[in-house]
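Two complexes, one shared chain (chain A), two partners (chain B, chain C).
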Partner chain A sequence: MNDLTKRFSEIAFEERGADHLLLMVERHGNVGPVLISRGEDPGDARTDVPYQLVTILTNILPFMGKAKVALVCRRCDEKALAELAKRGIVDDASVVKIGLACSKEQVQRCRCSDCVPSKVDIGEPSEPCPEDALAAELTAMSTEDRAEFWKRQFRKCNKCFGCTVNCPVCFCDDCVLEERTYTPEEGIPPGQAFHLIRSFHLADKCVECGECERSCPADIPLLTLRKMVNRDMKDLFNYTSGDRERKSPLLTTLDDQPLEDDVHAC
Partner chain B sequence: MSMRVEHVLTTCPYCGTGCRFYLQVVDNKLIGVVPCKTDEISQGRLCIKGYNAHAFVQHPDRLTHPMVREGGQLRKATWDEALDKVVSELKRVSAEHGPDSVVVLASAKCTNEENYLFQKLARAAIGTNNVDHCARLCHASTVAGLLMSFGSGAMTNTIPEFEDADCVLVTGSNTLEAHPLIGARILRAHDKGAKVVVIDPRDTPLSRIAHTSIHQQPGTDIAWINGMIKIIIDEGLHDEAFIRDRTSGFDELRKTVEPYTPEKVEDITRIPKQELIDAARTYANAEKAMIAYAMGVTQHSNGTNIVRALANLAMVTGNVGRESTGVNPLRGQCNVQGACDAGGLPDLFPGYQRVEDADARKRFEAAWGRTLPPTKGTTLTCAIKDVLVGKVKAMVIFGENPMLSDPDIAHVEEALKELEFLAVAEIFPTDTTKLADVVLPGACYAEKDGTFTSTDRAIRPLHKAVDPPGEAKPDWVIACELGRRLGAQGFDFPSPADVLDEMARLAPIYGGISYDRADKQVLRWPCPTKDHKGTPVLHIGGFKIGKGVLVPVDHAPPAEETSEEYPFILTTGRNLFHFHTGTMTRRSPKLEREAPEPYVEVNTADAKRLGISDSGRVRVSSRRGEITLKARVTDWIMPGVIFIPFHYAEAAANRLTNPALDPVAKIPEFKVCAAQLKKA
Partner chain C sequence: MTEFNPTILAFCCNWCSYAGADLAGVNRLQMPPNVHVIRVMCSASVKPEYVFKAISQGIDGVLVLGCHIGDCHYLTGNHRTAKRIPVVKKILKDVGLDDKRVRLDWVSAAEGEKFQQVITEFVNEVKALGPNPLRGVRM
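Let's look at the complex of A and B:
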């Protein structure tokens, strides 16, 4: 157990009364996720490998009953949890956040403009990254060239569903991307609908954690795509995902009234 | 905590890439897969099969107790009864007909440790070299061919090196579907500016992106490879220093390729001559060029020669023994490399030591405490024929399904029914277990410890995540039980790690490998000593056999040619979503949803001529059988050629395929047979 593990355990169990702690540790020559209880020694904690702990947590939460789980939480994770809590998928009371300020290198890799958690427990806050260079380049292109760029990228898609499986805010029980009408079972690459549906479906949820891009075997710059859609959401609706209080503008009637509760899920 | 939540690091059970992931376990229940981000090979990415690798494990169809046949029916039995039945039958058959009347089939889905035990069971407990496995059906020609050319029958380079190559020549490999994470590395090379050249009778997802896509008629590979070598020599693009210092046989090779002019090659292969010339230049002019190939090369009645021709092409251009070069057979099962390494082959002890070599035999006799048979055993493909002439009477099959995976299934069925005794260890009921006298329930990859060896020779550990269902046991336990009950010594292993230690002592290429070491770092064989870091690139500075051998080979037509009655060439292969006989993937809902039913790919012009519409039913027949399935009409396949994936029992492509064998490697010609296509 290194000092970092000790510190995480202290915050989770002593200071914030959690029953379990989800973190990343070094084991078997690799770094991976682990869930521990009070008093357990998981080995040396690491914060430099960006596992999507919110996704990992939401996979196991349905089995956890009323237990309180602490997790190492970056700014984007905190926002993902806000999106999930707002929709009633995660109970605020069952999750204890341990704020991790991302390293400068990680902020650069994510071209992240919002990188400091509301409470920093571990790490030193870094300067945000003002711009995604590729997004700027694409914005300067003609519509035709931009479409051509994305088509070239999407042609590499191998339909692994990694972008979806690992996404913290993909939570539908029945995924529309597995719906024959939109993505028939004709092998790879999937048609344009696959990427466009995913793009718009996440428009009011994506917190730009970048896990889709990191998971993509084809190196499709999916985080850039997300940032561009999010920018449109901001321009069109003055809305940014990750706000615990504000409801998505897509979940309103045409007269800006909130929709009935049971249709809020997606 | 009241419930047990674990993330268990293990290795994917599908293709031979060797991706690693964490299985998410809650109270012995598998709930998901998290890719391992720090793994050197998979880098936190997986394909759709990997993401669904948990889905079949706890399926209700799993075999949960042993069964023995009684009155024509399989009934539930205890382990003691089932194991004793196997042992008494093997003893009886062996006493009546000699040990060579027994065949053991090892498994490319089992661990290194298990395969080591399977071959030890055959050799040291039964007393026969009749041990083989499905490598016979996929890369037997690679092992034979590359052993002759280079002195080592495995991938010369490693998976990560693909992304730094200047040229990647892919042939007979639908890489993005069959080895998705290797395909991803090739895409990355492409994105970085490398020239990707794909030569395949079908358009594949990779060929549609590649710099160059060339279609050859199936069964004409040696012609285009020799043609490329001729162009390279004629244009002075060959590497004279490498040829002089590192190879032998160049003059003979030059003479052999001389007649393969671009015009002649075009006649044989249907490759337009300028395309061939451009491809030859692209490959030869690259500073670092890698060749990647798979079943499209090996599954021919002259597969060994095609492999040697590719080795010639690499050596003539000096593309061996450096990073991001080489000849790279992509092995298709999680542990087909390891099953070969561990000696699951009738002519080779663990570590590719010949059973006919007296010194090697002496070492194994000393270690195992008994005399061993000095002649090589029969192959999987020959064993089927040997049953029908009465030479083979009993078979023990570990985790294979020859009733769907072997060519000419009707013939296989006849042979398996002819056996006096058949025992099958499996995880699910299959068409093969239906014919067994004893069925033993095995544990799958998620239920045991051990190691796989990936296609690039990396040792990849497995960690047990959940318990096997019911009374099922890991195959290494079953093999040890059988060995002990047969009265043999040396089957008392407390764990797979101890088995690996014994293998390391006897196989020098594994000498430095142990479970603990492999669990902390990526080790690639050869790794001769405990302080050796492993060998990513083979043949640096020299070949194990001294000089690389340029073996001149000539084009020969496939064993079966088209006729008026059977005018189409049928070729078979995989799709992205299913794996082999579908035993696992077809029980994984998300995979089955993507590719739920069998189909045949037919060229648009052929379909029009025969009045076949997209999704219409068609009947495909060959001289051996007939199946009915859906047509997929497409321009992605050449006119005159049809393709059927072999995953589907309800329309098994292998009812049609030709069991003609390569004379050296005994691999069947899955990739070419003559077929008839009709509207159903």
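Let's look at the complex of A and C:
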């Protein structure tokens, strides 16, 4: 147990009264997420490993009963939690957040423009990155060049579903991408529709954590695509995902009244 | 070389646009034959998935037609469509496909002439764009 683990446990269990703590640790040379209770020794905590613990949290929370779970939360985790709470997937009251400010290298890697959590407990806040260089380059390209670029990128997809499984804001039990209508059972690549459908589904909830890009074995610049779509949402509806108070514009009428049923919540 | 004949899908809502198309037919209004009309119960039941699937399989243009805002049989169905289709268009633009390939318009049951006008305009527009770059791509 290193100092960091002690500090995390202290914040979670002593200061904020949580029952469990979810964090990334290194033990026997392996880094992975663990859930600990008070007084347990998980190993050395690591904060330099980018991983969305929210994805794990949403999977375990249904089995946790009334227990309060503390979570090491980057800004993107925090926004993902807001998106999930807004849609009733996660109960705000059962989650205790421990703010972690990303390091400079991490911010650079994610081209993150919003990297400081609302309450910083660990780490020093870094300067946000102004913009995604590849997105700017693509926007400046001609339509044909851009089509050629993405065609070549999407051809590398081997339908591993890593981007979907690891996404903190993908919460549907039955994902449309697993329907044979949209993703053929046989053969790779799955076709451009796969990525376009995913872009649409994430349009009003992507928090730009970059987990899709990190987990992609084919190195498709998915985060760049997400950033481009998020910018479009900002242009169209002046909406930024991760806002706890504002309902997604795709789930409201043109006069911003909520639609009676949220059948298509995803 | 023969002239490019686009293949176009038109999703028409059962209550307004499909009746409008019917009216255009009854009135024998002339329009290009490139359009395949698909009847749906409401323009909101046209999932963005359908549009993406069509475009990625080489359809040259997708037309989504619904009732005018406020006239929806299901009250707010077309509000949903009005919010979705602009996002669909933006996503297509981001991956380098022309957003003119998708068009959303409102045609009521009494607007046979508007139906003819929308179809003619859209077919000419897509003709000018040329074939879908994804047509024939082994994906």
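The criterion applied here is as follows: the second predicted complex is superposed on the first by the 261 of 266 C-alpha atoms of A that agree within 3 Å, B and C clash if a C-alpha of one lies under 4 Å from a C-alpha of the other, contacts with A are read in each partner's own complex, and residues count from 1 in each chain.
Here, contacts are C-beta pairs under 8 Å (C-beta built on N, C-alpha and C of every residue); 3 or more make two chains touch, one makes a residue touch a chain.
Since this is a predicted model, take the numbers as computed values, not measurements.
J.: After lining up the shared chain so the two structures overlap, which partner does A:252 touch, if you call chain B first and chain C second: first, second, both or neither?
T.: Only chain C; A:252 stays clear of chain B.
J.: Pick one for A:155: touches chain B only (first), chain C only (second), both, or neither.
T.: Both chain B and chain C are touched by A:155.
J.: Which partner does A:165 reach: the first (chain B), the second (chain C), both, or neither?
T.: Only chain B is touched by A:165; chain C is not.
J.: For A:31 in the superposed arrangement: first (chain B), second (chain C), both or neither?
T.: So A:31 only meets chain B here.
J.: Report for A:49: first if it touches chain B alone, second if chain C alone, otherwise both or neither.
T.: first
J.: Touch test for A:215: chain B only (first), chain C only (second), both, or neither?
T.: A:215: touches chain B, not chain C.
J.: Look at A:229 in the shared chain and tell me whether it touches chain B only, chain C only, both, or neither; answer first, second, both or neither.
T.: A:229 sits against chain C, while chain B stays out of touch.
J.: Should A:63 be classified as contacting the first partner (chain B), the second (chain C), both, or neither?
T.: It touches chain B, and chain C stays clear.
J.: Look at A:189 in the shared chain and tell me whether it touches chain B only, chain C only, both, or neither; answer first, second, both or neither.
T.: both
J.: Touching chain B and also chain C: which chain A residues?
T.: Shared contact residues on chain A: 155, 189.
J.: If we count contacts the way the header does, which residues on chain A are in touch with chain B in the complex?
T.: Touching chain B: residues 19-20, 27-35, 37, 49-51, 56, 59-60, 63-64, 67, 155-156, 158-162, 165-166, 178, 185-189, 214-219 of chain A.
J.: With touch defined as at the start, can you tell me which chain A residues reach chain C in the complex?
T.: 138, 141, 143-151, 154-155, 176, 181-182, 189-193, 195-197, 199-200, 203, 225, 228-229, 232-233, 235-237, 249-250, 252-254, 259-260, 264
J.: Inside the complex, what are the residues of chain C that reach chain A?
T.: Result: residues 47-49, 52-53, 55-57, 69, 75-76, 79-80, 82-84, 86-88, 90-98, 133-134, 137, 139 of chain C touch chain A.
J.: Which of the residues in chain B come into contact with chain A in the complex?
T.: Residue positions touching the partner: 1, 3, 5-7, 9, 20, 22, 24, 26-27, 31-39, 44-48, 50-51, 176-177, 180-181, 183-184, 187-188, 191, 205, 208-209, 461, 463, 519-522, 575-576, 590, 593-596, 632.
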